[in-house]
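Could you have a look at this structure, given as structure tokens, before my questions?
Read from first to last, the chains carry the letters A, B, C and D; within each, the first residue is number 1.
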Amino acid sequence: MVVRSTATGHELTAPVFYARGRNERPLAYIQANVHGAELQGNAAILALFDSLEKENLRGSAILVPRVNPVGANQQVGDYVAGVYDFHSGSNFNRGYLFLTGPSRAAITASYVDVDSFAVANLSSSLSEIRDGFRDVLRAALAAARAEGEKYGLDARVEFALAIQEMAVEADVVMDLHTGDRAPRYLYAPEGAYAASRAFGIPFVLEIPARFGGALDEASFVPWHDLAEAFIRNGRTDVPRMVDAFTVELGSMNMFSLSQGTEDARRIASALRYYGVLEGEPDNPSGRIVSCSVNDYRSINSPIGGLVDPVVAPGTPVRKGDLLARMVDPARCRSTPPKLEDAVVEVRAPEDGVVLLFHAASSIPRGVRLVSMMTNLRSL
Amino acid sequence: MVVRSTATGHELTAPVFYARGRNERPLAYIQANVHGAELQGNAAILALFDSLEKENLRGSAILVPRVNPVGANQQVGDYVAGVYDFHSGSNFNRGYLFLTGPSRAAITASYVDVDSFAVANLSSSLSEIRDGFRDVLRAALAAARAEGEKYGLDARVEFALAIQEMAVEADVVMDLHTGDRAPRYLYAPEGAYAASRAFGIPFVLEIPARFGGALDEASFVPWHDLAEAFIRNGRTDVPRMVDAFTVELGSMNMFSLSQGTEDARRIASALRYYGVLEGEPDNPSGRIVSCSVNDYRSINSPIGGLVDPVVAPGTPVRKGDLLARMVDPARCRSTPPKLEDAVVEVRAPEDGVVLLFHAASSIPRGVRLVSMMTNLRSL
Amino acid sequence: MVVRSTATGHELTAPVFYARGRNERPLAYIQANVHGAELQGNAAILALFDSLEKENLRGSAILVPRVNPVGANQQVGDYVAGVYDFHSGSNFNRGYLFLTGPSRAAITASYVDVDSFAVANLSSSLSEIRDGFRDVLRAALAAARAEGEKYGLDARVEFALAIQEMAVEADVVMDLHTGDRAPRYLYAPEGAYAASRAFGIPFVLEIPARFGGALDEASFVPWHDLAEAFIRNGRTDVPRMVDAFTVELGSMNMFSLSQGTEDARRIASALRYYGVLEGEPDNPSGRIVSCSVNDYRSINSPIGGLVDPVVAPGTPVRKGDLLARMVDPARCRSTPPKLEDAVVEVRAPEDGVVLLFHAASSIPRGVRLVSMMTNLRSL
Amino acid sequence: MVVRSTATGHELTAPVFYARGRNERPLAYIQANVHGAELQGNAAILALFDSLEKENLRGSAILVPRVNPVGANQQVGDYVAGVYDFHSGSNFNRGYLFLTGPSRAAITASYVDVDSFAVANLSSSLSEIRDGFRDVLRAALAAARAEGEKYGLDARVEFALAIQEMAVEADVVMDLHTGDRAPRYLYAPEGAYAASRAFGIPFVLEIPARFGGALDEASFVPWHDLAEAFIRNGRTDVPRMVDAFTVELGSMNMFSLSQGTEDARRIASALRYYGVLEGEPDNPSGRIVSCSVNDYRSINSPIGGLVDPVVAPGTPVRKGDLLARMVDPARCRSTPPKLEDAVVEVRAPEDGVVLLFHAASSIPRGVRLVSMMTNLRSL
């Protein structure tokens, strides 16, 4: 799959692997590393190579590690700056096309009217609906590609299409990311409780069916919109037929093959839930807490300075608990200087779970220092 | 004005100059260099220092050169990468708060309901409306700042507020930018013909009253929305009371004090139109062509390679005219190699004016190579 | 201390703290964070603020945390790219002036001829030699600054001078760095065994008296050269009067105040050795191994890919031991794909201690993957 | 030619073209774009494709446009930061191996002792000397490659070897660069007057036979050292048998096929001088001035700010002439503000020719603002 053609004419490609089981469907699409420094998903996919062989593959899977060589090679100095495209400033996971609604990346030709489709398919079977709607989505992506021809296809759209043309085929989509400094956690469609539990990941952020540009949204929201359209038009037996997850596998810049085996185990359990693998999903080994993404809040750094985290990511906290110390030695103005003058404490503004610290230990003021789940419930 | 506090605790500031005339109003707000490598507006403002002194200053002006030290100092190697914030990927001119509508940067507390205001002010005088609505906008910005306190103010919002808190005071706003490689051109609110003519700039892009995040939009759209709300509520004599322009002063990375004198002359003419300076605006010296921003189209590079422009920015072209050659030596595959094999021609897909070439002469595929005005009319 | 003046005219400064003890000398100069992402030294200095107060300060100390705001703010995306100056490509720790020899950054006026000084001071007392030679070095730095005036002082020289003008005053210099992913280790002048032991840091790299541009070299080599010159001219009782160390405090991008207390304890022990603090240095708690920097070898990555470290930094290994796996999923070419095809093993080319892994877990081919001490001895 | 293997396993290659004439020798090696944003040499090479066909090719030529895809793709924002390697900070034109002397990039195995060779070849014919010494250089490069195998070849050495393995074969080497903002000029070996005149380029910087890491030096200095060794050993008829030039073709980020035709004409004239093409070189159309690189002096910016150049690059100036204005609006502190307060004038510290301005119009303090030739003579 060609992801970008560089200024020197080199084609940057991602390797695409097809694992064909006894049936073509259910089909899973699993990719990793769309953000350049979020590496662990590659280990998970490599471990899946082995586990899919060993397990009983009932459906099929498309596996794409290293899906974004553009981001992965944006290395300046030691580290990779892989979230935003150096050419366009775009977050690589915010430019997907929203086929059933107006999108920032919108291309008129690619708009799909779910109500028209529902009205025309009120008496179709569920499998006719599934196949027919997928045909319509496929046609919308083709139209977007065609529309790009007169004025040249924008590199961001080319990137989105390369991925969406594969993902649109799938019944379940998993986009493997990592947090900055974080435990495993999951973005799941609101209400997908059983599926979320199948992953056995302890923290779940529930996303409503609205569009912010990410692949999970681009994959499941059109099918949600379709189900809603059927309801609006009087037919209530059409479920959302595609689910999609952003799976956060620990911290940025971490890569471990042995952890990858663990991660693959979690994903395989979810694939059993979706019938891609034979068998039953695992029971989660511990409590799973969830909250709405609307209750997932970021605390911005109150000063520019060094970050000394006080709690580990994944820790429950109470309002007022100390989360981190921000440290700026230039704040020491007494003689002799005192360490304590350099410190500004950051405390929890409410109860919740600290999920994530900024990847860097030195940050400007006003940057996401900590992200917290609030208004928790058990899943 | 503090624009950013760095990780080492240094405050990056922009210099703010007040030119107080005989009256406080009309008040102009003029800033330059919000994108780090777009320099010429600074020369224009410096030249205005002298011309405001010489001309008869009836109203007042706030002048802010070098408004964005963050962007201006994003220098990697020789050049400045000043459009997108290295920390957040955000375009520095897309994060302003949209006070009368839902915005990406939206902060609930800062929403202003124009219909409520219109209904409450159906019998107010125009000057009561102007002062009252400005009070409401000011309060909305204050609310946004206050709302940031619980979780810390996001650096992007801090940047937007620092500028909008000044710009909201103004009757006319001018944001001085440059194109990539381009002549002088102007983004003007749709219908602001006389004002646009006062600048005497030969190319005008007309922007509808919708919001994409830029300062000109953030400044005039709320007042447009207010006027529309009055119309909806039965009062038709309330005009849009604030105008805002993005003034593009030539090419990126160009800086000339002598050209700045010319640019200041154009701005002074517009300030006379708005009554900030005494006297009549100049008559434009030549034809002014305009089109809607919806008809301002970008041609993306068909291959990655070197760019050999064939027409100068600002040139009218016909459909099919050769605009540029894209050159990739690796395409030469015959022996002996031939220059012509390296070349992919880029031709105009329709009639129009070539306004802009990419700043770099070496670009990947799918990047904005040329931007063209189409469906032109004379202003 | 002004370190840089930006393009927008902002002066980037480093905070300088003087801890004055009962006597002016011995004087220690301690700085941290000359490389932008090497943060832990700041925690050590802050902890020293408190411990110097509590301990009996016999001499004095200059403490400069955050010495390089230029490097610390070179943040692109999440991480800091703080080793090389974005403007000049220069390693911030390779541009110091070599006053007693030819240097890359050489400025003719600043050359100090140690033999002339030795000949003229054959019958001086040791303290006259120490004071006299420091005067000469000081004058050489002043000459370098003066010479810059005709053509403007180069920013790299300005940076070097700002630091060297302070460090030249000291009897012992400590430059606090970190490795990439590493334990605590120490660069010490060849032969400075007792001093090295005083730090109690388990790994020591011994540097000969040659010049590569680093601050430790720039600080002690002139005094070494002086001692050698006296010997050449027949006087053998003049020791090297200044020592300098690069102290590596763990991994890049790590910052911990509590670890800083530990680090300060190690530094305080060394300061007791040098008589800056009253009392005896601690005995090292474990074995200290050392090797020459000439036996400190880097293994470059054999392929571009992901890095899965197998041994922890600080681990002794035998020739042939597996150190890391490099992983490139695109190497899987069989159907079905196999994890093992993606892996290239990296094994120890000889016996030694693995000291350091690259900071990033995704690197191109030919980049320092692992650094190893070889030809070890106990100190 | 593979130049780099990325972290995602993609091989970045440069296209290599061989133009075989009637004889294998004399052989020219011509490359372009080793610095990522120095583009015009590519146009020259493409134009040479055509002119070598038309002219009578007596010897042969290796032509490598786009020799450095690593540098060319280091694009951040609009522009290319292509001088320093993002991974190592290294200037791409400073890492070549110095085979006959100690070099920074030195690899012990690759050292060639010219005196031993001279002594062993005192009675050899000139052509035996030429072929024999080239064999020795070739072997030294092979040894460097072999030595890299135990610990993995450093990416910088891999880059240098890929180029030097081709360039070592040549009788004349041309490395096509550009200045920042500059006219055409030439770096030529000291004393190569006739060859320099053959290029017809108006400004020549003469480089002595010492090594700073650039390709021209790496190519001709070993042959210079050989000639000197013969003289030291009593044989005076052995000339320097290889010449090498850095040809600066105008300004950074400029690319023009039509200018490329002009540039190819200049290079073809030099190729006639060296017998690669049949016929006589052109007579220069105007005066050629030269100076030693030791008299090529840089003026560093006295303040951080905007740059308003006053003279065009290539202009002769007298001591005290105004060269540029540096402009920082924040320096305006009076009320009302005055343009003149923002300006710091930069004047010529001596007579000479202004050859080059910084590529950017906004720079920090202490950065190369202007470079001037001084102590000129006519060639």
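Keep this in mind: contacts are C-beta pairs under 8 Å (C-beta built on N, C-alpha and C of every residue); 3 or more make two chains touch, one makes a residue touch a chain.
None of these values were measured; they are calculated from a predicted model.
Chemist: Using the touch rule from the top, work out which pair, B-D or B-C, shares more C-beta pairs.
Modeler: The comparison resolves to B-D.
Chemist: With chain centres defined as mean CA positions, report which chain is farthest from subunit C.
Modeler: Measuring from the centre of subunit C, the most distant chain centre belongs to B.
Chemist: Centroid from C-alpha atoms only, then distance subunit B to subunit D, rounded to Å. What do you get?
Modeler: So the centroids are 41 Å from each other.
Chemist: Centroid of subunit B to centroid of subunit C, CA atoms only: how many Å?
Modeler: About 47 Å, centre to centre.
Chemist: Residues of subunit A that touch two or more other chains: which are they?
Modeler: Residue numbers touching two or more other chains: 6-8, 10, 66, 72-73, 75-77, 80-81, 83-84, 86-87, 306, 330, 362-364.
Chemist: Sort out for me which residues of subunit B touch subunit D in the complex.
Modeler: Those residues of subunit B that touch subunit D are 15, 17, 19, 36-37, 39, 42-43, 45-47, 49-50, 52-53, 63, 65-66, 72-84, 180, 252-257, 306-308, 325, 327, 329-330, 332, 336-339, 342-343, 358-364.
Chemist: With touch defined as at the start, can you tell me which subunit A residues reach subunit B in the complex?
Modeler: Touching subunit B from subunit A are residues 4-10, 76, 81, 83-91, 148, 150-158, 297-306, 328, 330-331, 349, 362-367, 369.
Chemist: Would you pull the subunit B residues touching subunit C in the complex into a rising list?
Modeler: Touching subunit C from subunit B are residues 6-8, 10, 12-13, 66, 69, 72-73, 75-77, 80, 86-87.
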